[in-house]
Structure formats: structure tokens, C-alpha cells
Amino acid sequence: MTRLTLSLACITVLGFALPMLAVAQTSSSEPLRIIMFGAHPDDCDIRSAGTAAKWAALGHKVRFVSVTNGDAGHHEMGGGMLAMRRRAEAEEAGRRLGIEYVVLDNHDGELVPSLDVREQIIRQIREWDADLVLGPRPNDYHPDHRYTGVLLQDAAFMVTVPNIATRTPALRKNPVFLYYQDGFQRPNPFRPDIVVDITDTVDKKIDALDAHVSQFYEWLPWHAGYLDQVPKDPVERKAWLKKSRAGNITPEVRAALEKTYGKDAGSKIEYAEAFEICEYGTRPTEADIKRLFPFLP
Amino acid sequence: MTRLTLSLACITVLGFALPMLAVAQTSSSEPLRIIMFGAHPDDCDIRSAGTAAKWAALGHKVRFVSVTNGDAGHHEMGGGMLAMRRRAEAEEAGRRLGIEYVVLDNHDGELVPSLDVREQIIRQIREWDADLVLGPRPNDYHPDHRYTGVLLQDAAFMVTVPNIATRTPALRKNPVFLYYQDGFQRPNPFRPDIVVDITDTVDKKIDALDAHVSQFYEWLPWHAGYLDQVPKDPVERKAWLKKSRAGNITPEVRAALEKTYGKDAGSKIEYAEAFEICEYGTRPTEADIKRLFPFLP
Amino acid sequence: MTRLTLSLACITVLGFALPMLAVAQTSSSEPLRIIMFGAHPDDCDIRSAGTAAKWAALGHKVRFVSVTNGDAGHHEMGGGMLAMRRRAEAEEAGRRLGIEYVVLDNHDGELVPSLDVREQIIRQIREWDADLVLGPRPNDYHPDHRYTGVLLQDAAFMVTVPNIATRTPALRKNPVFLYYQDGFQRPNPFRPDIVVDITDTVDKKIDALDAHVSQFYEWLPWHAGYLDQVPKDPVERKAWLKKSRAGNITPEVRAALEKTYGKDAGSKIEYAEAFEICEYGTRPTEADIKRLFPFLP
Amino acid sequence: MTRLTLSLACITVLGFALPMLAVAQTSSSEPLRIIMFGAHPDDCDIRSAGTAAKWAALGHKVRFVSVTNGDAGHHEMGGGMLAMRRRAEAEEAGRRLGIEYVVLDNHDGELVPSLDVREQIIRQIREWDADLVLGPRPNDYHPDHRYTGVLLQDAAFMVTVPNIATRTPALRKNPVFLYYQDGFQRPNPFRPDIVVDITDTVDKKIDALDAHVSQFYEWLPWHAGYLDQVPKDPVERKAWLKKSRAGNITPEVRAALEKTYGKDAGSKIEYAEAFEICEYGTRPTEADIKRLFPFLP
Amino acid sequence: MTRLTLSLACITVLGFALPMLAVAQTSSSEPLRIIMFGAHPDDCDIRSAGTAAKWAALGHKVRFVSVTNGDAGHHEMGGGMLAMRRRAEAEEAGRRLGIEYVVLDNHDGELVPSLDVREQIIRQIREWDADLVLGPRPNDYHPDHRYTGVLLQDAAFMVTVPNIATRTPALRKNPVFLYYQDGFQRPNPFRPDIVVDITDTVDKKIDALDAHVSQFYEWLPWHAGYLDQVPKDPVERKAWLKKSRAGNITPEVRAALEKTYGKDAGSKIEYAEAFEICEYGTRPTEADIKRLFPFLP
Amino acid sequence: MTRLTLSLACITVLGFALPMLAVAQTSSSEPLRIIMFGAHPDDCDIRSAGTAAKWAALGHKVRFVSVTNGDAGHHEMGGGMLAMRRRAEAEEAGRRLGIEYVVLDNHDGELVPSLDVREQIIRQIREWDADLVLGPRPNDYHPDHRYTGVLLQDAAFMVTVPNIATRTPALRKNPVFLYYQDGFQRPNPFRPDIVVDITDTVDKKIDALDAHVSQFYEWLPWHAGYLDQVPKDPVERKAWLKKSRAGNITPEVRAALEKTYGKDAGSKIEYAEAFEICEYGTRPTEADIKRLFPFLP
């Protein structure tokens, strides 16, 4: 069987026989199933709403999951009432992107990599029958971000073990796990294994961010000390948002874009999202990546 | 408004003004919503399947919830595989009774009154929009039983607080909470506040117990040392089950039956279930009890 | 030495030699030091602001401690912002009563009897150098109330152990611990060991409750469904508050009042607060009670 | 089979069919196996060293287990070094009584009823293959005492479940569980179900207490404020110890002694220990009690 | 003293004075004491059974410890019953290798780096009086593997602190700690500091793996989707096992083999195990390595 | 505004817009506020007492915080009594350095990165209104050191969130966070971003270490096996301490010294302390570093 041979070949390179399944072949007619995790109800959007919108446009199924309910992310509100507001904002962002948005009920600013939250994440991945799981690296400036990264690593592989969390049937395959881009260098920098030109969806992305009113127009500007610079006019403030939040392209990502899209095209891309392959999920082959990112050239 | 007056009257008797809502009036055309908790997937059945069957027969909505998945309750199986078997048995018992049966995924024999499990219970009660909640007292021979009792007490009232577990909207009324009957005397014995003649549904009850094959025909007899006495024949073993598990009537319950059903009728009832009103739920008036137990005389 | 003899006599009656110190004699010129615990920033006020005001009027030192910050106690606010509002309300209540009010930073609705919170309480009692500690029984309708009761029991005696929480020097005497009155009957009812006529301070008490605007005029009426009945006018609403919150006198408390204040005077007292002696603190003699409650006849 | 019939009879009385085994018959030639738990390395001694010495004298096997290592029980020492001293004292006390003494390694003053400590206790009971388990009630002045009581309740029955703590094979019978005497009244007082005249072993008991030098001659007198009254001379201080620590006989215990030993003999007994039957272990019949306490008349 | 001089020299290189003891000199006549940790009852075998067999052949003492009981590692069994089967398999593997095999009782798939499990590991290392401790790096595809790595790091040094876990006397020397080989690259790849030619014991190693029937012939093939390829015949399946599980040699390990065994011999070695020195144990000198790995050239 | 422009420039380089505040400008007349964390009451001293003394000499405010109370750091003492001794030693060290020394009350050898301890640290940083926070990296030989590093990372940024730990008002700026030097290489070595010549304060540093009698003259030498080499004479032992504990200069630190102080001067510096900038605090510009380390050339 081709699939198995490939899988064992991969094992040979590593020198270690891991009990991992190859990426199951889904027939081209079935939509891909992608699940993304963020610590707060806006993190997925910042990191990969552009790519999410590309999948959604092709009819693939995307779910964003916020592991905390965001109940600490404001300077004038808090608790359950803020959580409700942010859940509504997240659901609106989901509608704009054409995806599902789930907000789990763990306290913002108090996330720890407990078995309880790990199990919540295992269930999300299983229920979504995910081909692909995305989330932050365990290195980032906010402890909730870091522990979301740890929790995802801890859920990888365990999603396939039938004796764990039996109420939600186990997957027969370990999904591919990817990390979002970040700028942290220690203990090792982000590596852009996969880069996506999001020029065609960057406005959708900004549209999603724009739905998180409590964050991009209130809390984050207040926190950074420039609340007075937020435009009042809805159109103006979305433009302002695009200017400051559409993301910059690092030299490493630029190099990867040129490799993926060709020297010339790659050098001109203005908006991109990048991902690193996590070693704890199934390691995708080149063919797997093509299939999972059907919009790549 | 009558409701409020009653509620304040109740407060006056106690001498303490509790922030509790009176039992909301549900119009007679809407079905009652009852939720019962047990520690293991057979506990609700033993304690009150007879009464559950009476509610179900009248079109009311009943859900049984097992707080643990029962994964330690056998001498030859265990873990997730046993949990799956017991979930299937519980669902079969539910079908036989005409009710829903939910099995949560906490380890059997390891239940503790954590905030995590409390929140699971709060969500169950809220999602079911319960009028009535039943469960064990915090006194019983099995630690899982005791902690199920504690967890229910800890969920009472909190089901009405909107800032708690915001993903599942809070109830506007604290349900009535009842304890199942048990035989323990310390620190104080069970008090049969409400007693129900289950003569007409005792066979349904035995039918439900009979679905828990792993328990009543395997584990419990093995544990008690009389596995060899379990009949092989399906009809015989159900009869054997009825003889040993239909319950005995204590003098206190007998007295309450005579009070409720009349001296004569009450003295002849062979099968009954009894309940004690928990002080931490809404305290039902006589009228509330009539409405919640519409089959009482 | 007289003190020791009394103490050993007490031990003989119980038949058990407990390593407890007798109540230390404080010379009459030193003020008494009383600390009261509640689960939320208004609980102490409801249970014993009247007695607190009496102590304060005589120059004794009283501290109220709310073990949670009350961040779940509202229907339109929550989290840290609500906690800040309630801390300010509590401090205002303290000013009105002539006492200190401390609000600890544990989440409302999520209190558990952990070692961490136990240690917070041990430190409060030690720092206050308390002669007398008051709090709820471990039986009450709200889990935070119950666990505050458990935590106080768990702090009793441990406040005297020098190896525990060494940063705050241990007390040389275990204080007297008292429970507030409540109406719960299971597993055993409240016993009014000490009763206090608060007729002269009931208006101070209502004044303190009135400072908790978020609670008595917003959250609690909303929760109980009569928000529309709250008067808008400040004077009117305080009168309304007194009518509904000044407390009722149960037959048991009435009997104790008649015993303490004399049949005639006791039968006419309109406002009272009552306390039960906790077995885990130092057991006060009659003389101790006289000294600790100098306003008793 | 007689055993089973008795067991079922017992079940009938309670009206509830508990999955409990009857007390297994041990042939008279095999020694009884008794295990006693205390929170600290001297608690078992105070509560029942007299009875332990009687069992030991008849060749029965007794183990004392201290659930904490006592590392907070001193005013001039602490931590691991104190734990080592107290372990040595406990072992010496064990030698004097002719029993085993095990000191577990949990912190003194920080005991909580966790699954981890519960499992330690389950293993102790199983390894000892106990017929009889003794410990404190969950009501007592020291939190470690109370939680030791809770932990024992939580270990009862679970010692018989093979899926729990599999490394130590489960018992086929739930032992009889007894509580030590204490003087606490809330929520309910101790009930002397079994009383033992220890006149012939009271000196052995005092001898055992005398081995806990750090406690009876240092920490406890210091704590209670009479360190200066402790005699320096070894013989004198043991006499002093006997005078203050041999225990008093409450009216309830006196009545039980007269019932057990006869009106006349019972009225004269000077030293006794008393026990209450815990509802969560196997309920012993009169014959079981005779067999388990072979020195009773 | 030579030992101390060496130790201080080592400190100078690092620029930091660590409170570490030099590797104690054991006279050549005393056997070495090696303890290896794995997360599951087959992990030690996969990683280093070949080297273990070499030590055992020379009369040195080796203990394998599985930190979890493996109760989730199957598709048709689970819980305590699976744990019992795997304990028996592990003990059989130990017999085949001439070593001890201990299986701790923590749940498979639920390992967290708690103080409780850390203490279990500290006790194992102390009881074994280990010269050498081996375990996984904190980077690996299974959360239990990673946390076993964390737990070992957390036990290092603490095994020498007498105030910790006093029931098991502290070691006077911090052992050498080594990591097993793995193929993970992030945050940094495995570094083969010590490599061992296991050509002479590879069949012993396969023999040990063969004892874990539930794993190598059932669960792992089922999980990876090739259960149908497992030979039925005992001889054939062992050959199949050797082919797939004896391990591959990475370029880095090959280079280290050539350095250790000589260019020529090293280039021909077919089966090897490799180890990285952990910075948190005693850092071994070249001489220490020679002594600890007496079969190295 | 200059401040904001700089901050946004920094964001552009990283390619990620982090909600971080720029380092607030403190006018030159206000003293700097520096807080340093160590796991034990001597860790801050070893790592940076020289630099602390330089700040103190210029009138800046420095607080050392020991996260544990050091109650396991001795071979002949332990527990609360040792904690008290070490607190006194730490306070003496603080007096000698002209700084404050706070010892928190968490157990030595049992530190875990819990929310409870994180909150203690958040409060310390906020109460001190810190411009600069220093602590260990999460790589070090002692688990308490590593978890202190994790806890500091987890407190960074959260100190600025008003909804967290509301009792202590949040900072409006995320301080600069620095790591102390250590010698560990995995997963990545320490990087000397900032180096300080402490030649003028090294004797003050040794003076501070000298105050920790229980550590430098008792426990550490005993642990390392050279207790007999500790001089008895106070002057001699301080000289001995300087010889062994003043620190060595690694090649990386030497290179940084030459860069900072000039090739010539830098090559001759005998005593230095070095720091790495943590990515989770505010990233200081060159100007910020000059301002925060006013004694740098």
C-alpha cells in the first residue's frame, strides 16, 4: 500500500519508529476540515484569518476555537459580561469569514495546561474530525498563548487514543499540527515551513478583526496608550486597522514566499501568513501540503 | 403578585432573606423538566427509575446523568473500554424508560468536588432547563456518591448566576433539589419528605436495571461473592433482579406513604421511592410538590 | 494561676485533653480585636454589622474580611471591574461602621477550601491579633458561604502553630470562633449561644448595607425578580432596605434573648444578632463571653 | 451459606442493597490484622494504644499509620529534620507496644483529602490485609485530624475495587471501620458502640506516649503554656504524663462500660477506650465484634 | 583530594559554582546501580534495553521504572485490567533482560509533572542508590514522554536534599543523568554524547520487546493501521519485530560511533543506542563515563 | 510623540504588533525601581548583588524577593524554624546592600508554576512599581530556579492587565525583564546582552553572601562535601567566600565587557555580572538601557 510505504519511509529518515498514522487520503470531493486554536477570542483571527478565508472560499470547513473566554481583556469591563460580549464579537467574526467560532469557558489570564483543558481541546479536535490543527507555539509574550501551545502539543497524538476521553470517539489518524508565526527568538525562532499569500483575503481578515470591537478599538489601544488615535468613523477605523494590523513580512517569510510563489511574484506579495510544522502531529509530505493548502501554487 | 408574596412569606418563616426565586409557574401544557444525577451509570436507575418512568409516561422530560463514566466498575474489564460498554448499557436503560441518559467522562472511583466537575453539572442543569434536580445525599458508602451529593449542593443557586459558566445561559430560577433515599444515619438520617408509589412502574425500573448487564449480573454479584447465584436465563435473571433490587420499605417511608396515600392504601404499597427536600434549592410549597409530582394523590 | 486552672477544668468536662490555650486575659484598657469573615463583600454586614457597630462604638477594633472579591455578583457587570466597585462599596460600609474592611482577591463563585486560601485567612487572623473570629457555618445555600465556613474551621488552631505560614508570626492563643446565625436545619440547626440586642445600631447596620449599592439595589433584587420594586429615592430605598433586611427573630433566638436580657426586655427586642460557639476555637467561659461582649447585660 | 444470609439480613434492615461483603470468617488460629490511622505520629497512641497493646499481647498484628510526618509539630524544630525525629520516636513507641509504626511523608498542617493521599491509605489497608481499620471522625479540632477522617471514609469500599490502585491487589472484603472517641458535639456527638477496659495496658499506653518526647514533654506543653511544669526526671514525667493523658471517662462511655462489663465492674473501670462503628465499612454483627475484640467479656 | 579538585575544575569552566558533588568513586568490585525511566511499560525497553543487557551481563544492577501503568495503551482493553496485564509483561521483559522492572500506578495518558509523581521518582532513585539515571528528553511526541523528562529533571539534585521526602534517606551524591535518543529537532536536536554498540545484545532487546505482547503485536500495529501484517507465528513475529524495531542509525550517531569505536569498526556497527548528558545531574568526566559504561572501548 | 514612535518602530522589526507599552520615561530626579527574584533567600545575592549595590549607591530603590522561604536548605534544620533563620539572614543581607529583602512563604523544593504563586509575583512587581524585573532563566539545575523563571515569564505582561489581581492596581507599563547569567547550554545558552563591571561593589556582594551563614558556611559546603574546609574565623571565611563565590568570567561575558567598556578596560575587569533581555517584557532600546543602568559607560 502506497500510504503505508510513504509513512515507513518517513520513519526511516528520523531513525525512530513512531506509532503515527500517515495522513489519510480524503477524496477530492470531500471538504477539508481545519481547526484553529487561539488563547483569546481574536487570536486565531490575527494569526490566520486570511488563510481561513481562502479555505472557506473553496468550501472547506474551518472552526476557530478560543480556549479562554477573554473575560480579562478590557479596562472597563470584565468577567462573564465581557465574555458574553466577546463571544458575540467572535461569532460575528466567524460569520464574516464564513467559518464557525467556538469560545470555551476558561478564565482569561488564568490558563494552565491542566488535564481538564487538554481534554476540552481533544474533544474539539475529535468532534471536528480535523485534518489540520493550528495554534500558537509555546513561546509567546502572553502566558495564555504559551499554554495554548503546550495544550495543543499535549492533545496531539492523544486524539487518536480510544481509551482517552471515551465519550468523544477517537480519531483514527493524528492530524497535521501547525504553529502560527510569531516573532520570538528564544529558545529558537519560528520557521516558515508553509507560507500563504493572502492578498485576496486580507480585507476579509481585517473585516474579521473589525468585529472584535472591544479589542481592536478599545482594549488594545488603551493598553498601548493610543486610545485617542482610534478613528470614530467605521470606515476610517477599518482603514486604520488595516494599516496597523495586516502584518509585516519578515526576511525569512519573504524568502519562503519567493521559494513558493517564484522569485518575482514572491517578492511582491504584500500580505502573507506563515506556518511551522509541529513535530508532534503527522508530518506532512509535500503532497500532503498541496492537498491541505489547495490554493498554493 | 402572588408568586412574590409566597416567596417572601417563605423567607419570613426562615428568618433569613435568601436571594432565591420562587418556583416559576409553568403552564400545565408544558412538560416538566427533571434531571437526575448519579455517580455511576446505574445509580439514578436504582434510586428513582420508578418515579422517572411515571413522569415519562405522562410526557414529562427526564434526563439521567452519570457523573462518572463507570470505568472502574468491573472485575474483568476497565478503563475506556468499560466506559464505552456502560455508556451503551445506560443508553439502553434510557430507551427502556423513555428518558435521556447522559454519561459524563470523569473517572470512576476518582471523583472529587472540583470546580471543573461542578461546572459540568451546572451546564447539565442549565441546558436541561430543569424544574427539578435529584441526586444523592453527601452521606453514602461510596466516595463518588458522597461527592456527587456535594457537587449538586455546590451547583445549586450557582445555576442562576449569569457571571458563572457564561457559555451556557443561567437559569432565572433556582430549581427544586431533592435527595434520593439512603440508609445512612450519620450525621443525620434521610427524611422522606415526598414518597411515590411505584407499583405500576416497578417492572419498568427492573427493566432499566436489567440493561446494566455489566453491573447487576457481573460486577456487583462478583463483588458481593454470589456471582454463581446469577441465573443464566434472561427471564429468570430479571425475576431474580426484581426480588433482590426492587427495594424495601423502611418504617419512616411506610409512615409517609400512609400519610400521602391514606392509611389503608399506604399500608399496602409494595414498591416505593422516597425523596428529601434539599435546603439549597428552591423550597417547594405543597402546591409546588403537587405540580412537580402530578401522579401524587 | 487562675487562667490555667479554668482551662484544665474545661478540658475535664469534655473528657479530652486538647492542646488549647485558655482565652488570654486582656487588661480592660486594651481594646478587643475582632475579625469577621464573609464569602462576599456584604456578607459580614448582613450577619453582624449591628454587633460590629456596638464594638466600634466602645472603641474596640473590628475588621471585616470578604474572602472573595465578589466579581460574579451582578447581572450587568463582572470580573475585576465589578471587584473594584465592590471593594469601594465595602470600604464605604467600613467607614460608616467605624471598622476596617478588607476584600481578598479570590474569585466569587469559585471558592474552594484550598491550602492557599486557608493560609490567607490564617494571616488575616494573625495580623489582626484576633481575640474573636466570626464567620458562617459550613451549612448555607451558597457554596462560597459553606467553604468560607470550612476554611475558618481549618484556620482555627493552625493560627497558633509557629511552623505554619512563618512569615506572619503565630498567635500564642487560639481565638474564640463563633458562627453567624443561619436558617439551615441539616445536618443540625444553628444554636444561638450568644444573642445581642442591636436595636441601638440597627440603623448603622442598614447604613452599611446601603453602601453596597450594587448588591441591595441592583443584583439581589434583579436576581429575586423584584428589581422594579426598588425605590429610586435614597431615603426611601434605605427605609425599604430596613423593612426587608433587618432580620426576623426566630423562636430560638427569642428564647435566648429572654434568657439573656430578662423575660420582659427580651420579649420586646425587635432587632438582634445571634452567634453559635464553634468547637474548634477556644471555648469561652461565661466570664470570657462577658468580656468579649461587654455590651451584654 | 450462613455468611451470606447474615449479610443479606443486614441489608434488609437498612432497606438498601449495598454491594458489601460480609466480614470474612478468619479461623481462630490466624492472627487478626488491625490497622490504625492518625494524622500525626502520636495520634494513634493517644486514641487507642491501650487497645492496641491488648491485641498485641494476644499475638494479633497491629500497624499504626501516621498520615503526616509531623513536620510542623514543634516550636523550635521543623521540616524534614523534625519529621526524622518523630519517625524515630514513633518507631520506638511501636517497639514498646509490640506493633509496627509507619509514618507517611505528607506535610503536617497541610493535609487535604486528595486522591494521592487516599491512594496511599488504600495501599496501606490492602498491604496490611486489614480486618479492622480505625481512625478519627471527620469532626475534630485540627484540620489534619478531620481530613484523616475524610480520607479513611474515602478509602473504605474502594479498597475492594480491583480497578483502583492496581499495583496493590484489592481486598476481597471491605474491613470493619471504627472511629476513635472524641469530644465534639457538632454535627453529632461520638457514640461509644464498643468500649474497652484498658486498665491492664494503660501503663503500656503511657509508655508509648512517653516515647514521643518531642510532643508530650516539649511541643504540647509549650503550646498550652505550661512547659515549665514538665518534670525533668524520666520517672516523674511519665507519672505526670499518666495523670494528664490517660483520659477521662464520659457519662456515655461509662454507661457503655456498665453494659459491656456489667453494672458493677463497669462502674469501677478507671481507664477505657471507646469506638464508634463507621457506616462505610462492613457493619459488624455482635459475633464479629466478639471475634475482633477477643478480650471483651 | 583528587575528586574534589576535578569537581572544582569543572565548576571553573562553567563560570558558576554549583552545589554539586563529584561522581563518587565506587570501588571496581561493587556493581554499578543504574535506573531507567520510561513513561509506559515498554519505553525503557525501546530506548535502551540493549545497553541494559550489557550492564546486566557484567553483573551490574539495572532497574526499569515505568512512570505510568500503561492503562490507556490498547484498543480493546483498558484501565486496571490492562495495567495488570502490562505489569506482568513488563516483569517478564525484566526477567529476560536480567533486570528489575517496576511499574508505578499513575494513569497512562494523564501524566503531569506534579509534586506527587516527582516524589515517587525521587524515592525510586534513592531506594536504588543510583549511580546513573536515564530517561527521555522533555521533547517527544507523547505528552507522557515529555512530562517524564520534566519529572526527571525535577528530581535531579532534589534526590540529595535531606529535607525532601525524608522517609527515604537522601543520596549523598547527585547521580549522572542521561537522556535517551529521540528524533525531535525543536527546540534543539538530541546530541549523542555517549554511543553504545549493542550488536551483541540486540537479540536480548528484541526478546524484551517481544514480552510486551499487548503493545508490539496488538496496540501499536492496530494504531498504525497494519495489524494485519503482524505474523501469527512466535518465531516469525519476533523476526518481524527485529526488522522494524531494532532502530536505525542517524548520521550523528554514526559519527559518534566512529569516534568511539574507531573509524572502521564504528562504520560497520549495525545496532546502537545513544545518550545525551543532562546538565542537571552530575556532569561525568571522561573517566566517569569509562567507569559507568565499562563495555566501551 | 517620540516614545510611541520608537515603540512602533520596534514592532515593525518584529513583524508583529504586540500590545506592549514603551518604557515610560522617568524624569532623572526620580529613583529607578528595580525588583529581583530568586527561588531561595540567597539566589538574588549570588546572581546580582554587585549590580544591586551599584544601584543602591546611586539612591535607586532595589527589592530582592525570594519566592520560597528556603525551608529545605539545610542538613540539620528544616521547616518553619529554618525559614525564620533564613528570613533574618536575608534581611541582614538587605541591610548590608542598602536594599529591601522580602521572603515569600512558599515551600523550598516544592515550587510549581501555579496561579497562586504567579499572583504573589504579580503583586510584588506592582507594589514595587517596578521599572526593571530580574530573575533566573527557566533553565537551571534546581527545579525551584526553573519554575521561578517560568513564573516570572508568566507574570510579565499580566502585571499590566487591570482585570487580574485587582486588589493591587495594575501597572500602566510592562517593565523590562532581564535574566541572570547561568552556565546552561540547553536548549540554548545564556546571552550576555548587558554586562556590568562590579569591581567596586564585589566586596559588598561578598558581604551580603556572608550574611547567609546557614548557606555559605553550613549547608552548601556540607552538601558539596567540603564542610571541613570552611574557615572558622569571620575574616578568613569571608576571604574564602570571595575566592570561591565571586564568579568567573566566561569568554562570552569577556567579549561583551570589552564591547561595553572598551577593549582595554574590558579585558582587565575581574568581577562582572551579566544579564539577558527577556522577550516577554518591554524590549529596551539602547537609550533605555543607559537610563536603567546609569553606571554603564
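So that you can tell them apart, the chains are marked A, B, C, D, E and F in the order they are listed, and the count of residues begins at 1 in each.
By definition in this document, a contact is a pair of C-beta atoms (placed from the backbone, for glycine too) under 8 Å apart; a residue touches a chain by one contact, two chains touch by 3 or more.
Every value quoted in this text rests on a predicted model; they were computed, and no experiment measured them.
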Note down the smallest number of touching-chain steps it takes to go from chain A to chain F. 1
Among the other chains, which touch chain D and chain E together? B, F
Compute the centre of every chain as the mean of its C-alpha atoms, then state which one is farthest from the centre of chain C. E
Indicate whether more than half of the residue numbers at the chain B-chain E interface occur in both copies; give same if so and different if not. same
If CA atoms of chain C are superposed on chain D, the rotation in degrees (nearest 5) amounts to 120
Check B-E, C-D or D-E against A-F and flag the pair whose interface repeats it, over half of the contact pairs matching by residue number. C-D
State, to the nearest whole Å, the distance from the C-alpha centre of chain E to the C-alpha centre of chain F. 36
Can you work out the whole-Å distance between the CA centroids of chain C and chain E? 58
Using Cα averages as centroids, what's the distance between chain A and chain B in whole Å? 43
Multi-chain contact residues (two or more partners), chain F: 71-72, 74, 78-83, 162-164, 187-188
For this assembly, give the contact graph shape among line, ring, star, complete and other. other
Chain pairs that touch, by label, are A-B, A-C, A-E, A-F, B-C, B-D, B-E, C-D, C-F, D-E, D-F, E-F
Which positions of chain E touch chain B when the two form their complex? 71-72, 74, 76-83, 107
Can you tell me which positions in chain E touch chain A when the two form their complex? 71-75, 78-79, 82, 108-110, 112, 139, 141-143, 146, 181-188, 220, 223-226, 244-245, 247-250, 253
The answer for chain B against chain A in the complex is residues 69, 71, 79-81, 83-84, 87, 103-105, 116, 119, 162-167
Quick one: which bits of chain F touch chain A in the complex? Just the residue numbers, please. 4, 7, 12, 14-22, 114-115, 118, 153-154, 156-158, 160-164, 172, 187-188, 279-280
